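Data first, discussion second: the structure below is written as structure tokens.
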Amino acid sequence: MAVQTVVAPRRDSAGEPTPEVTKRRRRWRSGWAGYVFLAPGFALFVVVLLIPIARAVQVSFYQWLPFPGADNTFVGLDNYTRAVADPQFRLGLVNAIVYMLVTVPGQILLGLGVALLLHQRLPGRSLFRVLFYLPVITSWVVVSLLFRYLFATDSGLVNWVLVDVLHVAGHPVGWLDSRWTGIGALSILGIWKGVGWTAVILLAGMTGVPRELHESAAVDGAGYFRRTWHVTLPALRRTLLFLSVMLVIGGFNVFISVLLMTAGGPAGETEMPLTYLYKQAFNFLEFGYGSAIAVIMTVLILILSIGQTLIANRAERGE
Amino acid sequence: MSSVPTRRRLLATAALAVATAMALAACGDDATPTNNNTALSGTITFWHAYSADSQEVKTLETVIIPAFKAKHPGTDVKEVAVPYDQLHQKLLTAAAGSDLPDVVRSDIAWVPEFSKLGLLEQLDASMPDFQQFASKVFPGTLATNKYKGKYYGLPLDTNTRVQMYSEAALTKAGVTAAPKTFDDLKTLGDKLTGTGVFAFADNGLSGWNVLPWIWSAGGDITDKDYTKATGYLNSPASVSGVQMLFDLYKKQEMPNIVLGGTGGTPTSDGLATAKYATILDGPWMYPIFAGAHPDFKLQVAPVPAGPGGSVSVVGGEDVVVVKQSKNKALALEFTRYLLSDEAQLAFAKVGQMSVLQNLDVVSVNPNYRAFVEQLKTARPRPVVPSWPKIDDLLQKKLQSAFKGDLTVQAALDQAATEIDTLLAQG
Amino acid sequence: MTLDTPRLRRTRTIARIGALTAGAVLMIGPFLYMVSTSFKPNMLALEWPPRFIPRPATVANYVQAWSANHFAQYFANSVLVACGTTVATTLFAALAAYGFARFAFPGRTLLFWTMMLGLMVPGVVILIPQFLVARSLHLTNSLSGLVFFYVGGGMAFNTFLLRGFFERMPRELDEAMDIDGAGPVRRFITLYLPLSRPALATSAIFAFLGSWDEYSWAFTSINDPDRYTLPIAIAQYQGQHATSWGLVFAASLIGMLPVVLVFLLGQRHVVSGLQTGALKA
């Protein structure tokens, strides 16, 4: 190691750091150095995210118009009680929960499958990785429009495959014409877009599993599936928790796909909380109400994320 | 000198003055007030929703704006195209950020709302020559700019919905002419049952969609002063207009795109492929059909008449000046120019029907004839600030009815009550 | 491995490849159809039964997409913004991650979890307050304003990513450098940055993707057409009365090329970066 041009000795005769160094090290480790490194990024974060969030919370207690000089009235919790009683909001919430219950396990299970398949040395492995990741890197705007085109009732590719190719349906399915088929189509899009991401993350986690564990399990007579269940999965616990939390957040925040694929239709049946709040704010100028919905959603997501973490930690401790 | 009687000299001077004034006034047809010699300068921004690849934008960029700049050297107009479904939101965000443009081509339905929010310049106060323009345009189009007795804009272009039909589809029903009355439409529906062709298609149940039927049935949505909906929206006449559509839908003679789902065949594509026999749409469809379905011959007819006649709904855009504008003089001047004969004519050539009474758009394009006829009896949607909320409410209630959750009468009853509350807010 | 004969292994491999191919077809199929549609003249985009090979095929959509309406300008704007965002995000996130990982200071946990809160808030809802903040900083309607907000918005995820990585680096290296008089900055530059290249690459790629595809904020804050980014341009092809699918898809595909390229070049880093524990929180 290169020696700096410093006068004071670094190590004493026993090779241990001198008291000088220890004192300085302690000073560097704790205290302001950390803040300094943190400062630029955190400052940006505060300005771009925290302050607007705080503003949104503040606005949620008002009947608010964003124009300079507008007359904004304080309404306390009115926006919140209105949201809880609003049938359209409740419908959106149910839709979001269903969407989440379908897409989160869907992405994890399918992602796991793909990751397991890719975990071996295979010809074309890199190619497959790229192909599976392609939906992930494409913008939501583009894929939402694409899937709207694919799921069209009379001229869509999906119906053509179902009716003319696979013959599993007698006549074209009106995917985007009713609530549950609409949410089904949205979920298919959500899963399709996220499988690659889940797979890559799981793949990364899997390569961290020590080979010896697999080998000793195999010696004990465990077949492939047993090994996966007892060795791979437990080792992926942290990764799975991370995925679960992120995917749930994503599930509740679904927005662009609903806006562009179903437009919340028909008749608002596939509306989700975010598209509903967007319309409230930008079509009807109900910024206070929209902010209240946003706060409710954020709190919900927070509870779910913390809940998942607690459950996972407890399960880990219980083993 | 003193040989000419003073009184006669005064009279002569007065006569000369009057004559000059009249001559000057007569010259100023294209609206540049001749006493406005203070040089206009600077740049203004103009927001519009003409489609990005349309003839309208090309006309704006290559004809209108250059002509304006030639008239006023040293000025510039920056035009910004905003997609229609995002324009409303963008205007709100810009208003919030005090970042609004100077002039906007706004949907007529938004003008009262923006006026109430205090975003727009009151034109009849700021423009000394406002009356000059107000008298040149159709009264119905001018009325869309009025809020609380004051005018916050001038009409820019107008349009209406007429019936468009597919001959091929009509032939399938054994019918040679487009339906002229409500009964004709019902008969057409019966004749087409089981053929897979729909008698009539529309893509929603908002005011724009159902008001032609309500009005043609002899009903209305509110009273003349926009104070009350109960007794009007749920009157027997109004209900019968909507009921007719509902019956068609129930008998599967109207497709389910009326509920707003995005999976079905759009009205234009359905018409061109003879899947839909009739639709209602506006003059912008000509270039669209020409581009997407060049083999289809678009034919038009008046809206089927009910007990109230054949009454359609007025659409269009108004040009408004933003109160926050930093260059109001230029903004107002550009507004004047947009209402000039030459500008209106240029736009009429590319599918924008003029609001000027003296401009014969039919001679520009014979296709306009049906629309001009229909406009004679067409009516505007209620000119109130809460219209977007009212519209959404109406659509939601009617969609519930079409889904079967409510009867049409009940839906309109409930809608009327809630609309009363919204109207009361002004 | 009792029954692991070569033949069994080969069968398994073939089965795996088969399954992966089926999956890949599902992943790519929609894109292929999109490509096919982009080469069809617009009137045929709604044909039934759908045809994969367009006949007649035309590049008119691509020509129109690229040449009309300043598309090339929007492309350039997106490139500028994405590059700026990538560099700044990676740098600031690395600095912050280093601070979190290697220094103990009061409030560290609180600050970190506050940052993570940023992941849970939907961007949609704070559009207006963000716009007001941007206005007071004179950052509306500017590309640098976009970079500013994208970097701020990307801090949470990228700091999280890099912190996980830094924490797993052996402390002994740290301590050895420390003893020899290397201050924290020097350690950061000469030790952490070089060793964490895969994780930095991962972070850079995510930052690039996030910036390139972002629509809502770009649309809200930019009014000047000269400064539009690509997603705005693509959305604009939806005219007021009709959607030109062929045109929209052609424009979208042109817009996808850079991200695909970036990903292809860097994907090996993404995997190795994740592998070396970037995600072990």
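Letters are used for the chains, namely A, B and C, taken in the order the chains are written, and counting of residues starts over at 1 for each.
We adopt the following convention: a residue touches a chain if its C-beta (ideal position, glycine included) is under 8 Å from a C-beta of that chain, and two chains touch if they have at least 3 such contacts.
None of these values were measured; they are calculated from a predicted model.
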Centroid comparison with subunit C (C-alpha atoms), farthest chain: B
Result of counting contacting C-beta pairs for B-C and A-C, higher pair: A-C
Averaged-CA centre spacing for the pair subunit C and subunit B, given as whole angstrom: 42
Centroid distance [mean C-alpha coordinates] between subunit C and subunit A, Å: 14
Sites on subunit A at which at least two other chains make contact: 66, 154-156
Two or more partner chains touched - positions in subunit B: 93, 96, 98, 265
Where subunit C touches two or more other chains, by residue: 46, 128, 132, 235
Residue numbers on subunit B that touch subunit A, as the complex places them: 88-89, 92-93, 95-96, 98, 117-119, 256, 259-265, 388-389, 392, 396, 399-400, 403
Subunit A residues within the subunit C interface of the complex: 1-4, 6, 10-11, 17, 21, 25, 28-38, 40-42, 44-45, 47-53, 55-56, 59, 66, 114, 117-118, 120, 122-124, 126, 128-135, 137-143, 145-147, 149-150, 154-157, 160, 164, 192, 195-196, 200-201, 203-205, 207-208, 218, 221, 238-239, 242, 246, 249, 252-253, 255-256, 274, 277-278, 281, 287, 290-291, 293-294, 297-298, 301-302, 305
Contact footprint of subunit B on subunit A as seen in their complex: 65-70, 148, 151-156, 174-178, 182, 261-263, 265-268, 282-285
Subunit A partner contacts - residues on subunit C that touch it in the complex: 1-2, 13, 16-17, 19-20, 23-24, 26-28, 30-31, 33-34, 37, 46-50, 92-93, 95-96, 98-100, 102-105, 108, 111, 114-115, 117-122, 124-126, 128-130, 132-133, 137, 148-149, 151-153, 155-156, 159, 176-184, 188, 209, 212-213, 215-216, 231, 234-235, 245, 248-249, 252, 255-256, 259-260, 263-264, 267-268, 270-271, 274-275, 277-281
Footprint of subunit C on subunit B - complex, ascending: 45, 49-54, 80-81, 83-86, 90, 93-94, 96-99, 101, 265-266, 268-269, 284-285, 288, 291-294
